[in-house]
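The next part holds the structures, each set out as structure tokens.
Look for chain A in each of the two complexes below; its partner is chain B in the first and chain C in the second.
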Partner chain A sequence: MFQRLLLLPILVATLFTACSDPKAPTAAQLPIMGERDVHPRADGGPADTVFATVPAFRLTNQAGQVITNKTFAGRAYLADFFFATCPGICPKMQGELLKVYAKYAKDPRIVFLSHTIDPAHDSIPVLKDYAQRLGIADANRWHFATTGAHGEPTAKDTVFQLARAYFTAALPDKQAPGGFAHNGTFALVDDRGHIRGLYDSLNPKEVDRLFAELPILLAEIDTRKPGVAGR
Partner chain B sequence: MAAPEPAPPLTPPLPRFPKPPLHLSISLPRLSKPSPDLPNLRHASPNSRPGLPNPGITRKNPSSSSSRPRHTHAGYPPYLWDVKVSSKIAWRGAIVACAAWVAACSSPNKPISEKQPPSPATTAEMALMARHDSLMAKEDELFALKSKIAATHSPAAGPYLRGIAAADAAMMSWMHQYRAPDTTAAPAARLAYFQQQQQVLARVSQQFRATMDSAALFISQHPATAAPGTPASPK
Partner chain C sequence: MPYRHLFTGFLLILLLPGCFSNNRHQGEKLYAQHCSGCHGDQGQGLARLIPPLAGSDYLVKHRAELPCLLRNGQNEPIVVNGVTYHNVMPGNKTMSTAQLTNLLNYVENHWGNKAAPRTILEVQTKLDSCRVP
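This part shows the complex of A and B:
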């Protein structure tokens, strides 16, 4: 009985201390989108949660450089799908992405990746010309990439599967809106390959949301860099 | 016996200020004919306070308007015809209105503003782009069907795969040949181009629908392929 009476104030004091700690981290973070798997641990400890990631890919950009998931390791990137002869939504979509690029052109923490969904037409020279017309001189900052640099017969199948995978990685299949490769959506991917946001480029409010949320992700990435996390 | 004089007040009397003139009236329903002594404030402008000029609009003094026949309703004071606008202001207003009218009508090539309805050519272009976007959204579905058909490894799948390839090629061919006329082109020429392209795209749309229906039927006849595919991992 005496021991219980002794434990009660200790418990109260512990709770009070935990609730009033002014140094508790409260930094805002973007959600990790998509399905997640819970893997029980063999040692009986807390289960591991595995979040969905962008699938493995291998593309070629407008400079002829091969780019894979590793190209973007440690950096965030904004991805979209387009094609050079698109008369519909693509010009507006790329124009909106250009605004984001203009703000972060010198920021090494983020790069840009536009996939062509017309690999038969959008060859490397076409992509290079397209980039130049947008004013993108550095292919390492904004990749205009194709799955069919060498005339692969399944290049279009591959890019459509990739587009679908981006959205199904971000949304459960039942919620995915369809028209994945041509709906004007930007996908914000973090330094670990998780999709952290989807933004409708045709909606100004969504673009504003992207501008508001991008610094949050970059700040989170900063905390994972050695020498920055301790600040 | 004389009455006693009233006691003097304990405090000196307050100075009497002249009663301020009545400038505002409470707008209650008038149940009776208003007093002719009260000014008619219905047409009073903010500048019509005493001592301030009321530029442009002068109100006739009711007492001096006997030379003009008064049109009153049931004895009420006149309203609109009680206001006289100076000729100078009237001329200025007329000139400004004419200038605005001329400016609005003298530019046949003026850009389309948000308040104006789009031209027939612009409407036709928007309809064309809507159909294009709709078909591009179906491209996803087309390639999803293609992957399901290919996964059957059925020798009968060949025509369906070729049909999907042909539908995709028709769509891509349309986009590669499409050249939207410049907005400075003649409106009739723009309208004719968009209408002609709409017909071409309508045929592509029919091809899409027939191909997708056939592919869906083929997949339904091969239940093993109807299961949803796993997320792709293109590499």
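This part shows the complex of A and C:
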């Protein structure tokens, strides 16, 4: 009888942890999105797992500067896809990203990258005007970038391909407002080019999740920089 | 004979849902569906990209033009509260005059805005005189 009484609280405690465990994302690291390759080692040792990274890109931002993957090496960035004349979801989406930016504007561990999916219209001056109207003075903190700075005929295809790599659907659609259909995904990329989180900017809960998960990634990046831990 | 009262009562109950028309708060619903993405949940706009509707002097100064603005959209620079905005606003060709009226009355009487309520007839008259874009 006494034993039974003792067992009960233990049982309850076990059940409690079982309930709360999966809901505690803070302790864990963020997942790495995308396909992973397993490479068997020639010497028969344990196989290497190679995680997907954002493919190589070369863009030009609103200040006319060329930006590539290297521009973002060693720090996190948040990426999305928009176009300046978008009357659909873009203002809402960019408004949400602006909230994240407002909180991290001075944090050198993270920068922002918005790709235009309408390179034919969104020239460098258009992007510059857009950035200024949004209140972004420093192009190095929030890049508004195009694949078609020099009128490349493949600019549109390039950016759509890039959007797919960031798990964002973007394609021309005559029915959609403004002529392009796309969704408002924010992709959180780590210091090594792995995508670590995808968030639907149109869903307030998803934006809350982004605010909760971003510090987890920044803390992880800090551990890789022993000399400058904490900043 | 008492059955007849029962029948009438039953009929009335059947008709009752008709009293609760879906058009209540139609303006608010239309705003959420068609406008809030750009102009914001509270009509706040977005930086210098999208003009605000809350406390907007444009609504007062250009009251007569608003039905046509909603119907046909616009792509010209406009000045709201002293700030120049230049973005595309799509028009809406499918909303009925009644819907446009409800939407305008909602926008013009929320977030601190105050204006005389519009009638459907008034909005229709304005729509009839829109310049065809």
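FYI, the second predicted complex is superposed on the first by the 185 of 231 C-alpha atoms of A that agree within 3 Å, B and C clash if a C-alpha of one lies under 4 Å from a C-alpha of the other, contacts with A are read in each partner's own complex, and residues count from 1 in each chain.
As a convention for this text, contacts are C-beta pairs under 8 Å (C-beta built on N, C-alpha and C of every residue); 3 or more make two chains touch, one makes a residue touch a chain.
Fair warning: this is a prediction, and the values are worked out from it, not measured in the lab.
Looking at the shared chain after the overlay, A:Leu98 reaches chain C, while chain B stays out of its contact range. Using the contact criterion defined above for the overlaid structures, shared-chain residue A:Leu162 touches chain B, although it does not reach chain C.
Of the two partner chains placed by the overlay, neither chain B nor chain C lies in contact with A:Thr116.
Once chain A of one complex is fitted onto chain A of the other, the partner contacts of A:Tyr130 are limited to chain C, with no touch recorded for chain B. Set against each other, chain B and chain C differ in how many residues of chain A they touch, and the higher count belongs to B. In the superposition on chain A, A:Thr60 makes contact with neither chain B nor chain C.
By the touch criterion defined above, A:Gly88 reaches both chain B and chain C. In the superposition on chain A, A:Thr147 contacts chain B only, with no contact to chain C.
The residues of chain A shared by its contacts with chain B and with chain C are 85, 87-89, 178. Note for the complex: chain C touches chain A at residues 36-38, 40, 46-50, 87-90. Put simply, chain B touches chain A in their complex at residues 129, 132-133, 136-141, 143-144, 146-147, 168, 172, 175-176, 178, 180, 228, 231-235. Looking at the complex, you find that chain A touches chain B at residues 55-58, 83, 85-89, 117-118, 120-121, 147, 156-165, 168-169, 173, 178-183.
The touching residues of chain A, when paired with chain C in their complex, are 85, 87-89, 91-92, 94-95, 98, 130, 132-135, 177-178.
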